[in-house]
Amino acid sequence: MTTSSSTGLTAPGRATRRRLGRGADPLVGKCLIALGSAAALGSTFLSWTWTTAFPGDLTVTGYPGGNQLITLFLSILTLLALGPALLPGGVPGTRWIAPRGSVRLLRSLSLANAASTGYVVVAIAWELGGVANYVAGTWIAGASVLLPVLGAWLLPEDDHEPAPARPTPRWAQIVVVFVVVMLGLLVTDFGVTTGFSEEFIGFCLGAGFAGRGLAASGLFDRFSALTAANRVATGWAVFAAAVSFVFLQSSDAYTSVADNILIFATVALGLNIVVGLAGLLDLGYVAFLGVGAYTAALVSGTAASRYAHVVLPFWAQALIGVAVSVLAGLLIGAPTLRLRGDYLAIVTLGFGEIFRITMNNLDGQSGPQVTNGAEGEYGIPDLRLFGYDFGRPHTVLGHTLGRFGNYYLLLVLVIALVIFIFARVNDSRIGRAWAAIREDETAAEAMGVHGYRFKLLAFGLGAGLAGLAGTIQGHLTSTVTPDQYTFSSSAPPNSAFLLAAVVLGGMGTISGPLLGASLLFLIPDKLQFFHNKQLLLFGIALIVMMRLRPEGLVPDKRRRLEFHERETAAEEAYEELVVDELDRSDGLDELEAEARA
Amino acid sequence: MSVTVLLQLVENGLVLGAMYGLIAVGYTMVYGTIQLINFAHGEIFMLGGFGALTVYAWIPGVAHLPLFAALPLMLLGGVVVAVAAAVGAERLAYRPLRTAPRLAPLITAIGLSLALQQVVSLWYRLPGGGNAKAPVAFPSFGGKAFDLGGVLVQRADLFTVIAAAVCMAGLAWFVARTRSGRAMQATAQDPDTARLMGIDPDRMIVVAFAVGAALAAVAALTQGLRYGQISFDMGFVAGLKAFTAAVLGGIGNVRGAMLGGIVLGLAEELSSGILAHFRDTAQYGQAWADVWAFVLLILVLLLRPQGLLGERVADRA
Amino acid sequence: MSTQPANPPGPVSGTAPGSEPILQARGVTMRFGGLTAVDGVDLDVAGGEIVGLIGPNGAGKTTFFNCLTGLYPPTAGSITFRGQRLAPKPYRVAEAGISRTFQNIRLFPNMTALENVMVGRHCRTREGLLSAIGRGPRYRAAEREARQTARELLSFLDLDRHASAIARSLPYGDQRKLEIARAMASDPGLLLLDEPAAGMNPRETLALRETIFKIRQRGLSVVVIEHDMRFIFNLCDRLVVLARGRKLTEGRPDEVRADERVIATYLGTAPAAAPGTAEQEASDAR
Amino acid sequence: MFQRSLAVLGAVAGVCGLATACGSRSQSAHTASGSGGGATVVKIGLDAPLTGGLQALGLGMQYSAQLAVDLANKQQAVPGVTFQLVAKDDQASASIGEQNAAAYVADPGVAGVVGPLNSAVAQSMQSVFNQANLVDVSSASTNPSLTQGPNWKTAKTRAYPSFFRDITTDAVQGPFAADYVFKTLGIHSVATVDDGQTYGVGLVETFSAEFKKLGGQIALAQTATANTTDYSSVISAVKSSGAKLVYYGGEYPAGAPLSKELKAAGLNIPEMGGDGNQDPTYIKTAGPASNGDFATVPGAPLAALPSAKDFIAQYQAAHFPAPYAIYGGTSYDAAESIILSVKAALAQDGGKMPAGDAFRSQVEKAEQAVSFDGATGPVAFDQYGDVGSKVITMYKIENGAWDQGVYSGAFAG
């Protein structure tokens, strides 16, 4: 029985943890942090190596660049977090940063800085061949990021319950939400637009540790309380941030990456309705994306289409694409959803194969000419909506939006729609029915929930949303071929990646698949050396996640409870009885089964 | 279409079906004991093939033996690798999840399947420095096929059929006559009572995984001998087909798995062979064979979800 | 066929037992392979009546319940509720107005108490996908109504303090009550309780009896399976005794108590089936 | 208190914004301050599957193009210009390829791109390249519609003015094989099998059309899924069709078992395939029965070409971590053609690099006019962007090995 993630065990562990600096003067610690961070901050304005061979050009003295930006940002954050601890009562205006005490935040931030900067320092020596490539700045940076780590561990724990947030006027809350979301945008933008793997690794190290620290300091909790109180404003803030991403880009180089992430994330969200909300394992989900893409492509007027003379406006293409996808979903779901879940998994896997093979065979040789076979539908024209040609650059608010920028805005709208549907349906009679079916289908049916109908609904809805994404994807890539829609391949989206995004991100949540999809897309995209091993690592990640953290990185509360049901149940004696009885009722189900046979 | 051609198709179907059946037994046995569809079983089959190839390619001297003499060694290698992988997967991946919600072991199985494929593709090496990213050659029988009145029976076919028959007979003996076999049956029927009777269900589950893996290794050997090559991704489609066979025969039923395999093999060969034979339908032949197989699966689930020899039907949950 | 009421204990004489039966089960038979778990059982329940279903272990009581609620399609026989023949589908039965609890608590363990009850309200609401997305005034009214009903039921069963607690974290007795609240959320005409007192202490059992009377006052009929003899004899208007899948006898509690066959097959052979203990009935069919 | 916090927050946001704004010096730098000593840096892109199943081919393309760039820099092919190869991995995925194309277009330093390998990837990249007039020279995608438009069989039209390729299309390989079978081998009845993929279907289509034109008979046409190894139903159909040769469109992992099973079923007829079949593993898998099988490969045999000797020697001297593989020669030539176009474009403007889009259009114009003797033979593009030379070589398996190429010739078709 796994114990590592049960929350009950970490508390005593934390209490007995040996403290390095017991008895040491906290002032020394604070000084070390201040000194180290200030030095690290300063070092970013120096050059870190003398050759431009290291990616990001760290040879410039005068202003920071590349990985130095991460160090700069983390150093500022560390200094800021030192605020509440510095004076008795804290430096005015900085106490908000750590409602639950700043020491754990300081530790995480200093670790983040040490990991990220230290990684660069090591990488310079590693990639360029030895410490001969170090200059004064490198030594300063490398040494100064270690000091805060030492200092932070000299400080005594100050973990306490956060004081209740002061009542603040509504407008101020909204301003804070907007500012924080925009900060998040800047951080995300930095991550997406990192130009080379060293920068991306540094970013991930920094963001990972810093994120943990902010969570431990209670700032995240406070912020989520703020967003919970201002849900509409938060929604608009996130939307505005997502839209403004495209205005931060000077070219299409990273907008095209963002487009692919958005499509991947949209489909992952759709899959999360099926897997996360309704608890149905669909292993051929990418086929519905393909159904949408093919349908839209066939009536888009591409010369490769059999129906090249049929040119429908995009809204009609999207409608038909969604309708055909839903139909496909219902056709697959109808016979199999009556059976137990395992069968569904394998039948959907088979369906994915059937789809691919069929699209391949409808080439006029192995079957009627419809899809142009393996060559696929190519030359799909760019989208046009209300006279807006997505293929041409447009100037909006003084900023030139390229082809991918146009699609980006459309995709943001689509994913917003999917999130909207996801959230509303989950928080409704239907969402409750899905949860009930997931937890105990027999009981749910006895309470009047038509299990089959609601499973079919989830399946159809999921298929339709994937189909909608597909209609856009076809136009975006301008080529639709059968081998884009396989169970597993090295590039997303494919069914295995989609499932991984949902499982790693968090089943049943909105931000989980978004995070999962972004990471699964960015990691291989940014780290070239990772390409060959990504499927292996995703496979291992699925196994490890199921073992240690089956609820995903961003867990849904109910899901977490479900996955850890047995662990927590062990603490409650009476549960034993219930488990025993349940086992016996399984026996009954079998008898029932025989009766049917 | 002459009778000879038809008989040849039947022969092909029987051989293909025997291979499906051998793999399907693994699905069925594991499902029978712990109600888990072991998605990674296709990869266990693939590992069996690579285990056998490793013995042939890497152990000095084996490649120089006549193939019939090398076969037992290769079989041993395949079985050892497949069983080790299956038992390892059970211990490390599935057992900790025995009480988890159903989705957890299923997702684990998919992860395992991806990982095992990639391990072979990334790190398997042939003596000459070749890798397994593309299909690799497998030794095969030389010599002419046996001609039975126009119906050709390949040496590999003969091996497949004999191996399948021996395996099934052995399995029947094992289940009916040995202590472990009977204990396994008991565990499958009622794990709680079996536990009360002093049977260790964990051991029985391991036995189910191991026996299934051993048979899959035999199947992998027949696959290699017949087509002259094996590849890291051959477990995916083979696993899907074998699962179809297991459902066809009635999942949980060992004899049903073999019957389902043979029915599926015959259906596949006859449908694509007959279609390929006539000019008007030739285009719907081999290219659609997999589609017909999956359509068959869906039809079976629709019309007779308990399978041909099924004893249990899907429960409601 | 005796549908005459016994002297109803407690302050319930105001309701009208003895009127037209709302449930009519005729010749209900359930076979599992060679085993006949329920064999031609008839049962009538009148509006506002409390009927007890008793019998030794393996008598087929729960199987009979499962047949009534559509969990098992009966091999033979018919079940009519309020004049309509019931389709053997659990959700249809719930819609028709029969609701139940389970022998082993089958709450939705990771949903809150309120959500559990709101799921029980499911078949009385009609909002589909589009209205859930659009959230028009009708949807909001329906959702508000469902929430209110659920809250009202929680307070009816004295569970309001648990409304936002996860069902699994409730004390055992409260879980039993929550199951009843969930079952009542679908506005049933007939409530089937499968061993509601199992695992309860005498005080809780007593409170449960009062609760069931209160439920009856809301106009519901109740059928109870129970092993706690003292509890059931003091609760029910009428008792039906099952043995080996057949109906042995039925009648007022005092009649049944006096019936020699009952004593012989049930009380006589199983004196150890002491009332009030958390008896675990082995699955009926075995 | 709260307002103060807000101010701090704002300050942090400001600093971050500032830091981001002055960052990224590596991307915009046009002039390298390092080794080139103030020389202009011109980038050449290379897009290919550098990982995954096609890795071997992709890496061969990358290193061959790298060789061309290194040699140009060493020989100062374009005075004052340092070339730099920017390789991107498309993982054989159309959407990733398109994303890479966008990244190349967004980088003003990129003058042209070599690749990709897969035709489907090339299709998705072209609309992006074409809009920016960025030259793309494919050294491996052989689907005719890329250059000659979707209706290439009936009405050829140039699809993308910025797209070129220096490898012969499938439209030539198939007819060449048909010609050889009908005239040289004297076989008039053939069964065709393809793997359902673009390459295989294209080969078989063009083969069949030419074969029928010559008066031959296609006794049977079958498609088998790409990863199949079981051909028993196909073979029994071939057997009764009476065909004297099987023409296979596809790659060796599926082509070799076909040959093996054909012979095992007592059909002693040769299998002929395209360059996808010409691999040593084909012989290993199919066994001794494969003796007498054929395969065509576009271009003259590289090892035998005097023009390629230099390339092969240089490649081996550079000690790249992977062999140049099938498309090494064409990739080397493709990179070379872009280097020459850059030179021509610069020469036009008196050695100065024209600003922005004008530069790319000039390179595109120069590319159309390029003409030189490359490793694989003369390189010059026709009005569709296809290479003029149409040499194909026929290889045969003799004594368990591919021979040196039994017949080599240009197909006029």
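Each chain gets a letter, A, B, C and D, in the order it is written, and its residues are counted from 1.
In the analysis below, contacts are C-beta pairs under 8 Å (C-beta built on N, C-alpha and C of every residue); 3 or more make two chains touch, one makes a residue touch a chain.
What you see is a predicted model; the values in this text were computed from it and never measured.
S.K.: Which chain has its C-alpha centroid at the greatest distance from the C-alpha centroid of chain C?
M.R.: D
S.K.: More C-beta pairs touching across which pair, A-C or B-D?
M.R.: A-C
S.K.: Nearest whole angstrom, what separates the Cα centre of chain C from the Cα centre of chain D?
M.R.: 73
S.K.: Determine the centre-to-centre distance between chain B and chain C, using the mean Cα coordinates as centres, and give it in whole Å.
M.R.: 49
S.K.: Which whole number of Å gives the spacing of the CA centres of chain B and chain D?
M.R.: That pair's centroid distance is 39 Å.
S.K.: Out of chain A, which residues touch more than one other chain, so two or more?
M.R.: As it turns out, chain A has residues touching two or more other chains at 357, 360-361, 365-366, 440, 442, 445, 532, 562, 565, 587, 592, 594.
S.K.: Which residues of chain D are in contact with two or more other chains?
M.R.: Correct list: 55, 196, 221, 223, 225.
S.K.: Which residue numbers or ranges of chain B touch two or more of the other chains?
M.R.: Correct list: 237, 283, 287, 290.
S.K.: So which chains end up touching which?
M.R.: Inter-chain contacts occur between A-B, A-C, A-D, B-D.
S.K.: Going by the contact rule at the top, pick out the chain A residues touching chain D in the complex.
M.R.: Residues 51-53, 55-57, 59-60, 63-66, 69, 72-73, 76-77, 80, 92-96, 166, 168, 172, 175-176, 179-180, 182-183, 186-187, 189-190, 193, 195-196, 251-257, 259-260, 263, 303-304, 357, 360-361, 363, 365-366, 373-376, 378-379, 382, 391, 402-404, 473, 476-479, 481, 483-484, 489-491, 528, 531-532 of chain A touch chain D in their complex.
S.K.: Inside the complex, what are the residues of chain B that reach chain D?
M.R.: 1-2, 5, 8-9, 12, 16, 130, 133-138, 140, 142, 144-145, 147, 152, 154, 223, 227-229, 231, 233-234, 237, 269, 272-273, 276-277, 282-283, 285-287, 289-290
S.K.: In the complex of these two chains, what residues of chain D are touching chain A?
M.R.: 1-10, 12-13, 15-17, 19-20, 22-27, 29, 32-34, 50-52, 55, 89, 91-96, 98-99, 102-103, 105-107, 119-120, 123-124, 127-128, 131, 143, 145, 149-151, 159, 194, 196-198, 200-202, 205, 221, 223, 225
S.K.: Quick check on the complex: what are the chain D residues that touch chain B?
M.R.: Interface residues on chain D, with respect to chain B: 53, 55-56, 196, 220-225, 227-234, 236-237, 239-240, 253, 256-257, 260-261, 264-266, 281, 284-288.
S.K.: What residues of chain C sit close enough to touch chain A in their complex?
M.R.: Within the complex, chain C touches chain A at residues 30-33, 69, 71-72, 75, 89-91, 93-95, 99-100, 102-111, 115, 118-120, 122-125, 127-129, 132-133, 135, 139, 142-143, 146, 166, 168, 172, 182-183, 185-186, 199, 278, 280, 282-286.
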